[in-house]
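Next, two complexes with chain A in common: one pairs it with chain B, the other with chain C.
And then the complex of A and B:
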């Protein structure tokens, strides 16, 4: 009992720091991924070939190669071409750029799933191209993208664990270090898994809430007392 | 040249709101419209009928340039829509801005309603006024409310379109068209995707508009409606205008053999009801 207590007092601060960093890098990386992915998705949907070709190449590369390989390339290969980045920056950008490729596809698919008739009606009422995107497509696109985005945010959350391999001192990195020093493996990793799971459930819960709230117009039943 | 002709020939008559002159259109090698011409004047109701695939909807959609046509001209209030001339006098696609400007005079009602599901009924009607016609939101919504009341949907303004019946949705579609105060409304088979018992409420609204003098071009399969409301009926087959005339002539003494054959099915169907006494038993035996 006292041994476990001493474990907590010894490693507590480290674990707390790892937890903070995991959440931080996940939130920032996701923000980067959503923002960049949104722009890329729009480019894929509404851009000319001069735009879609490079974007397509980007998406194919980041979807087609493992995140781990991308991180190694940036972290260990970067210096050889004069780009030296610290682990945190590599981890954050790696996660963001990787996620952006998937978000681009989510938004592209959402864009394509707006029925053509709606856009035709908008055109027939002389809504400009800009107004059609802003007022007809985007509001629906964001709603349509919620389920797939929730899924991707969960994947990105769990993928932050991979960043430990390029020495980002996030939670998995700290727990790994702890196990190597204490030679206890099962309990720390079980606790680690439970941590990710709990956070994942929270994200899934919020995603479902958002889906219900935002998609209210898609359900044909009469509205309740509002 | 057109202005000159109009000035000399039909002296006192105003130029038509819509003039379709020798319009031809191809989808690839397939010719869907062959030199179709007709005109629509203020307060006229023109119905376009014909078998499926005859090019009715395509013709309608050429009027507001939702479809490009390759030959001929479509004039909206005397202005060519969709095309301009370059320095050498060759025909080029007009700027989108110019097409949009001409389209403001033309509203459209669609077979599948094509409402915007994420907007309330009120906003479906108000948004074009705000985004295109530069009305202030409050003013636009007040106008929208009035128009929705007119089509009998005052109680539904805060509802979302997908929660309405098909007939109600189409009335929202009509309200959306009315609200922009267009010179003409194009109807593309407005009742074709409605349950039979919902068709009446939509046709009722359209009849009311016709009575008020709204200019309308209507692609329809509702022959009764066309016969009752149209000033002129155009029969289209394989992209060719076979016949055009007042409903009385076209429906009851068609000049063309093709028109007669097309209408036979309709006349036959109706004779079931006209010739027999209104006995329920007999009706059942027929059906």
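And then the complex of A and C:
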């Protein structure tokens, strides 16, 4: 018992710091992914070929290659072309740019799902493009996008563990270090898995709450949330 | 195979790499197909008005989305034989990928169902369509169309995640490139080759996905923002 207590006092601050970093990098990376993804999705939906072609290339590259390969390229390959970034920046931007490719497709799906007649009606009421997006498209787009986005936020959360490989001192990195020093493997990794699972459940719960709010006017009898 | 690729070590390695790529395509296709088959009923459970069905749907999604894929693969491969169900590695891998991706696909698909206006369901029933017919002819085609890009997202994720199936003994693209590197010690060459092959497969998948979207969108006016 005393040995376990000393483990907590020894590694507690380190684990707490890892926890803070995991949550921080996930939140900031997701915010970047959603924002950039929305802009890219809008470009894919409304832009001409001059705009959609480069955006399409971006999406296919970042979606088609593994996150780990992108991180290696930026972290170890970057310095050879004069871009030296610290691990945190690489991790944050890597996660954001990677996630944005998937979010772009989610938002493109959302834009394509709006019936054309609604937009014609909105235009004949002389709503501006901004107003059409804000009041006609966005509320409906989000109904389609929220379940898919919840999926993706969970995937990005679990992918933050990959950042430990490029030495971002997030939770998985700290726990791995701890296991190597203490030769205890089952408990730390079980606790680590439980932590990720608890956080994914929280995201899933928030996703269901968001759906309830967004979808309630659309089809209350089939909202599928608690 | 050697008749086509020759017998030099290099061409042998290329042949092995391509066979591995074939295995990767096959196992992720099988996993994706199984995943969609499971996703549809899970999605309908989530959308059901019965509280118990909804809870079961949520439980399925929560388990298979919350537990890492690697753990799920190990469970299928090592625990099922303990219950007397002995599976070859390929089948175990396809099942592992399938049950995991089903949780994500059920959610993606559900988004597609949520945006179908309620009146369509009522209209179909008023025309005498049964519940099954309404789903088959009215709801599913529209949900598939709306959710298609997100379904393709997940298929690409599963293709990349299939690099994990080597842990249950499947000789996929990742495993064979590791084997080749172990023999000729040229990691950059072979891992780059593997990465390019993954990228090409994903590009093909994305192109097929958009072709499917266009087909499903026949009869829809193009939305201009």
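Miscellaneous remarks
Basically, the second predicted complex is superposed on the first by the 209 of 226 C-alpha atoms of A that agree within 3 Å, B and C clash if a C-alpha of one lies under 4 Å from a C-alpha of the other, contacts with A are read in each partner's own complex, and residues count from 1 in each chain.
Simple rule for what comes next: a residue touches a chain if its C-beta (ideal position, glycine included) is under 8 Å from a C-beta of that chain, and two chains touch if they have at least 3 such contacts.
If you're wondering where the values come from, they're calculated on a predicted model, not measured in any experiment.
Note on chain A: of its two partners chain C and chain B, the one contacting more of its residues is C. Within the superposed three-chain model, A:129 lies in touch with chain B and with chain C [touch as defined at top].
Once the two complexes are laid over each other on the shared chain, residue contacts for A:139 go to chain B alone; chain C is not touched.
In the overlay built on the shared chain, the residue A:9 is in contact with neither chain B nor chain C.
In the superposition on chain A, contact of A:80 is made with neither chain B nor chain C. Once the two complexes are laid over each other on the shared chain, residue contacts for A:200 go to chain C alone; chain B is not touched. Residues 115, 117, 129, 140, 143, 218-219, 221-223 of chain A are contacted both by chain B in one complex and by chain C in the other. On chain A, the positions that touch chain C within their shared complex are 42, 45-46, 60-61, 63-66, 69, 102, 105-106, 108-109, 111-117, 119, 129, 132-133, 137, 140, 143-148, 150-152, 154-155, 158, 193, 196-197, 200-201, 204, 211, 215, 218-219, 221-224, 226. Interface residues of chain A facing chain B in the complex, by the touch rule stated above, are 115, 117-118, 120-129, 131, 135-136, 139-140, 143, 216-223. Residue ranges of chain C in contact with chain A, taken from their complex: 46-49, 54, 57, 61-62, 65-68, 71, 104, 107-108, 110-118, 121, 145-150, 152-154, 156-157, 160, 163, 195, 198-199, 202-203, 206, 213, 217, 220-225. Considering their complex, residues 64, 66, 96, 100-101, 103-104, 106-108, 110, 112, 114-118, 127-128, 131-132, 159-163, 176, 180 of chain B touch chain A.
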